[in-house]
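Heads up, the next two complexes both have chain A, just with different partners, chain B and then chain C.
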Partner chain A sequence: MARKDKLTLAQKEQRTAYKLLLPALLILAAVAFYPLFQVFYTSLTDKVFASGTDEAPKFIGIENYKSLLGLTIQELPPIVDETTGDPLIDESTGMTMYERAIRVLPRSPVRYREWFQFSFFGRRYVVGARDPEFMKAIWNTLVFTVISVFLETILGLGVALVVNSNFKGKGIMRATMLVPWAVITVVSARIWEWMLQPTRAGLFNMVLSRLGLGDGGLSFLSMPTLQMPTLIAVDVWKTTPFMALLILAGLQLIPKELYEAGRVDGANRLRQFFAITMPLLKPTLAVALIFRTLDALRVFDVFQVLMGNRMYSMASYNYYQLIGNRNMGLASAVGVIIFFIIGIFAVLYMRLMGVDKE
Partner chain B sequence: MKKNRSLWVLGKIAFWILIIFIFFYMLFPFYWAVNSSLKSEAQLQMTPATLLPVDRDGKFSPTLQNYVAIFNDGTFVRALWNSTIVAGLTTLLALGVGSFAAYAMGKLRFKGKRLTLYLILSLTMFPQITVLSGLYAVITTLNLGARLSLILSYMIFTLPFTTWVLTAFFKELPTEIMQSAWVDGATPFQTFYMILLPLTAPALVTAGLLAFIAAWNEYIFALTFTTIAPEARTIPVAISLFTGSVSRQVPFGEIMAGAVVVTVPVVALVFIFQRRIVQGLTAGAVKG
Partner chain C sequence: MKKVLLTLMVALFALVAVSETVITVAAGAVGQELELTKKAAERYMEIHPDVTVRVLDTPDMVQDRLGLYLQFLEARSPEIDVYQVDVIWPGDLAQHFVDLYEYNADKVVSMHFPAIVENNTVDGKLVAIPWFTDAGLLYYRTDLLEKYGLNPPTTWDELEEAAKIIQEGERKTNPDFWGFVWQGNAYEGLTCDALEWLASNDAGTIISPDKKITIANANAVEILEKVAGWVGTISPSGVLTFAEEDARAVWQTGNAAFMRNWPYAYSLSKGEDSAVAGKFNVSPLPAGKSGNGAATLGGWQLSVSKYSKNPEIAADFALFMAGYEMQKMRAVEGSFNPTIEALYADYEVLEANPFFGSLYYVFTNAVARPSTATAPRYNEVSTLFFKAVHSVLSGTADAQNALEELALDLEDLTGFEVVWGF
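Showing the complex of A and B:
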């Protein structure tokens, strides 16, 4: 007690600060830092969740990473006609026929499965992956992220510009914009699932058949060519408002005088947009883009609800490995890979946009 | 002059068409959910689908049977209760702990402040999904029960955010208020909860609402951590797994009714606190 009295006011303040920070730091240590460390460590083991056996997980080094990321490229030889020695031509398509990928890809010591094929300088190659599902999950996530963030930014900018101008009912419009944002993502996915039903009981098939397009039986969620556009459309509906709100806030920071000055100087609307709005909106756009991109890269809800096991995002593949396969070691490695992919995006963005200079 | 006038009118018309289009785009899916939730099973299966709950002969006849069904079905009510508890307590905990930390960071001087600030800021961008398996291991070890585990794990995205928003707010409060309280003999802690906390009420509402909505929305942790505890499932999990009690097909009428029930309160909250929410969202992003 006597010692405490000797503490200066500054020391007291510091002590209070540490006491106040302690609960937050303890909680964050338990839910963020320790699990992160755990994920890095477990990703180097063959830990299986609730395996029933009490066998301690073995340390297996980077084996999990190898089995997730292992790739190989093999040339596919053309099938040669035994008698003439010429390559066989498929009569219906007129294309050279190649050996089947499965016969070319290595099978031991580990098996590679086909990911995709491509032609290069008249030769045919196959890319094999040890885990093509995961490769596709990464690819899907990247495609999803790039296209949906691009569309959301363009649409969000458009909506923000419209709502930023003066008209009757501006308040109602701004409130309306918050509705998709307030709908739970899973709920929005199920609403869209219902609208996308593959019969004319679904809204889209009903409208399309009314317009004379399609037979009213388009299966948006199971046709491979429609899956990705559908997922993107659902996400764009849900997140465009968020983008629009952020951009709107940025627009309102631009001083009105600049536009007046522009008008006096004879700049038309278009000119004003490119000379005033866009440059001044750049910091806002940069931050909004970072937020949305990092968010889109960890997309889970729409993929899980609409696609289940038909198609994975990185996050839903992680969930599948953890809960479906109970493979904790591998799931942790997936987590670490996601961490680095998202990290690369974050750093790239900050460099490109110069956000870190501020 | 006349040409300019007609151009102006054309522009005006185009503008309003755009507004109406945006309005419909944003609201239509939700309208479709309301419409479908008021249809009977037979009306739902009618082709082509109708824009209003009508019978085959075109008579307008909405029904509340889907709502009755979900409220009689224990799963939905329990999920509603779980979500309320989990999101509510998450909000309270994040606000309580977050405002302590924010007070320290916004108003007090101590060594390591810069580091703490960066730590919290980096956590607001932290990809929570990476720790899914690690967090699963932590909560199975702690064995707190699914609901408490969810509340704890939701701290990972609510706590950094509330701390960040509140810190910015504390910083803006005049230091003189605090100093005069100290002169009057109040301890730093008394200053905090008797003087500063009441002043931050608006920021608490903003941060709290956003934390609540984030927790109300959360799906991947909820789905993962309630795998073996179905009784603790929250709304998103229940709605994603909804199979209904009797129906053989996916009971979309009931799902849509559930969708409406869980969306209306949030939309109402959002409308009431519209201004605050926009401020909070943009404070977290534009300035951060």
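Showing the complex of A and C:
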């Protein structure tokens, strides 16, 4: 009898829990699941943005995904001298000359465009993509994410350790540290654009030419070798404070007694850092890294303001397909792919950092 | 008594508030554009005290502005009543605008250039009223040409030569001096500049009016390779990030010998704060192989949104803005080319802009971008084109590969036939 009563009590509690969760689930369904489903559905159609008509878009299956992700590898045959039968050698570089990729890549039933070429065991290959610009956008975003998050973590840790120590004006220091983070990205990107101007009217060209570097006309935003480092620098400037803030919160959770005990045991500062600070900071670092990585993978504003149509991130490529080309179906597919890439990163982090076990 | 008066006043205010109509116009802000649009709006409000006109500032870069418009249009927003529309958009956006013939445009349309009216007519509907027209011009420094004993260049070769000589000479005293500035960013402006290079070199207009893809030809390769050679020599390497206003900034501070730009830069260049005031003139753009220079047809129209709550008033405002009086004001104060033929014979207009008379043929013979043949996908065509050109200019692709790839891309997009000219 008593046993039965206990069960109903547990059941009752469970029911109450579900009832209490219901509003949250409903809100989540309305603001997250419904739009997500909508995007996923649109990605299977050929919907046109701002078409001005009420015609329903056609359902085209996974055609959008195929045209975004299709890849092929083809071997490039060397160009052969017709009289001797030997491969031609470029006289200026001393390299074997190969057929142009555009001649080798298939054109029907669907066309592949050149993404990049590589050599392997003395043979030359070309990787063709149905949409090399999207492939480049993914690559750019990954490079951007890995390098900028790495630098932000290192610098953020340094900044956090400094402002965590006791010194005069600590409060002011912590407040000013946050200024770059507080400025709206579009605004700060515009400010950077002015500083990065390709003439001596821009701060960087001015300073560099005073130092005897460059000719005062370095074009940070259009030279292929300078574009990515510039973008990463802007992002590191902006987001290091955020990283520092999160890490600072983690540092303050570490009890002072542990350091005292460490000192008593004769551990020096370095030993203390690796034996006390780092292990106890790990959960905080994991959260900070996840936050930043997922955020960096969605990067839009810095790319859009500083690069426009010259270089894309995944999100700015999405914008270009949606607004520039009005391909709402294709843009939705891009959105879904971004969602999955971010999902993969999230799961990887959870596994590697062991966050889910705590 | 006091109470009665107060009640009366409140009632009166309420009445005014109710009867007052608000019209919002989305307008450009390049150079003096915004200022002059606001001035015209004030003039309209003086005549129609029951209407309030709000002027919305929009992005300078054409692509960005289109993006903003599309977001309003996709939402069918009544927030914007009148749109400032580029000459290449009527075909792409026609379904969002009212037919101005239904709002008395038939009475005024005959005084505008017929070619532009035709451009703005889609399926017999006038979706936009011409506001100002544009054509690319070569700005040159008269004082520097004289100093180095040179004539205004008539071919690209001459321009290259003159730019080199002047740049070399001026660099001795001014390390920031450049020979030639233009619009090289990856945006619609590059399509305009590149179309001028192509057309002047007998390389066609990307897609011909009879819907053939003509971009893959040897003349196009030749001229693009030539222009790629300018980047970092007579033009700053940063020119690949320049839009109109960036080029004007270099030119107007006296740091360039030549500039390619639209007529709006004329009145600004002769302004009080300009370092080149009284030291410059304009000419048609230089010629390539074809023997003739070419200027891309630009210009802006006014359209009334289908989703406007007050289409009658919005249309009346658009027609007022594009009317004789306002176009004259804009021509005199801002050197915006009128679309009304009679204004090119107006004494005050010609006094402010002598080149309106001497270069009249440039404006009437300007080369149109292939927006009619490719509507409603012109923006995509143009984007593929300027990206291909930009990749050649920045050295990430060679001209022949880029144009061949472009021709195939355009074939995929439009379904038109490619005419191979290698």
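In this text, the second predicted complex is superposed on the first by the 323 of 358 C-alpha atoms of A that agree within 3 Å, B and C clash if a C-alpha of one lies under 4 Å from a C-alpha of the other, contacts with A are read in each partner's own complex, and residues count from 1 in each chain.
Heads up, the rule we're going with is that a contact is a pair of C-beta atoms (placed from the backbone, for glycine too) under 8 Å apart; a residue touches a chain by one contact, two chains touch by 3 or more.
Source: prediction; values computed, not measured.
Chemist: Given the touch rule stated above, what does A:Thr199 touch, chain B (first), chain C (second), both, or neither?
Modeler: both
Chemist: In the three-chain superposition, say which chain, chain B or chain C, touches more residues of chain A.
Modeler: B
Chemist: If you stack the two complexes on chain A, which partner ends up touching A:Arg111: first (chain B), second (chain C), both, or neither?
Modeler: After superposing on A, A:Arg111 lies in contact with chain C but is clear of chain B.
Chemist: Scan A:Arg100 for contacts with chain B and chain C and give back first, second, both or neither.
Modeler: second
Chemist: Quick check for you: in the superposed arrangement, does A:Pro78 touch first (chain B), second (chain C), both or neither?
Modeler: neither
Chemist: Return first, second, both or neither, reflecting whether A:Gln14 touches chain B, chain C, both chains, or no partner chain.
Modeler: The first partner, chain B, only.
Chemist: With both complexes overlaid on chain A, does A:Gly70 touch chain B (first), chain C (second), both or neither?
Modeler: The answer is neither, since A:Gly70 touches no partner chain.
Chemist: Touch check for A:Arg326: first (chain B), second (chain C), both, or neither?
Modeler: In the superposition, A:Arg326 touches chain C alone.
Chemist: Could you look at A:Ser219 and tell me whether it touches chain B, chain C, both or neither (first, second, both, neither)?
Modeler: second
Chemist: Quick one: classify A:Ile342 as touching chain B (first), chain C (second), both or neither.
Modeler: first
Chemist: Show which residues of chain A both chain B and chain C reach, each in its own complex.
Modeler: Shared contact residues on chain A (touching chain B in one complex, chain C in the other): 49, 197, 199-201, 216, 319, 323.
Chemist: Can you list the residues on chain A that touch chain C in the complex?
Modeler: Those in contact with chain C are residues 49-53, 100, 102, 107, 111, 113-114, 197-201, 216-219, 221-224, 308-310, 319-320, 323-326.
Chemist: Per the contact definition, I'd like the list of chain A residues that touch chain B in the complex.
Modeler: So the residues of chain A touching chain B come out as 9-10, 12-14, 16-18, 20-21, 23-25, 27-28, 30-32, 34-39, 42, 49, 159, 162, 165, 167, 169, 173-192, 194-195, 197, 199-203, 206, 209-210, 216, 237, 241-242, 245-246, 248-250, 253, 284, 287-288, 290-291, 294, 297-298, 300-301, 304-305, 314-315, 318-319, 322-323, 328, 331-332, 335-336, 338-339, 342, 346.
Chemist: Across the complex, what residues on chain C touch chain A?
Modeler: 61, 63, 66-67, 70-71, 73-74, 93, 95-96, 175-176, 185-187, 236-241, 249-250, 255, 379-380, 383, 386-387, 390, 394-396, 401, 404-405, 408-409, 412
Chemist: Any idea which chain B residues touch chain A in the complex?
Modeler: The contact residues of chain B facing chain A are 15, 18-19, 22-23, 25-27, 29-30, 32-33, 36, 44-49, 97-98, 100-101, 103-105, 108-111, 113, 116, 119, 123, 125-138, 152-153, 155-156, 159-160, 163, 182, 187-189, 192, 213, 216-217, 219-220, 223-224, 227, 235-237, 239-240, 242, 252, 255-256, 258-259, 262-263, 266-267, 269-271, 274, 277-278, 281-282, 285-286, 288.
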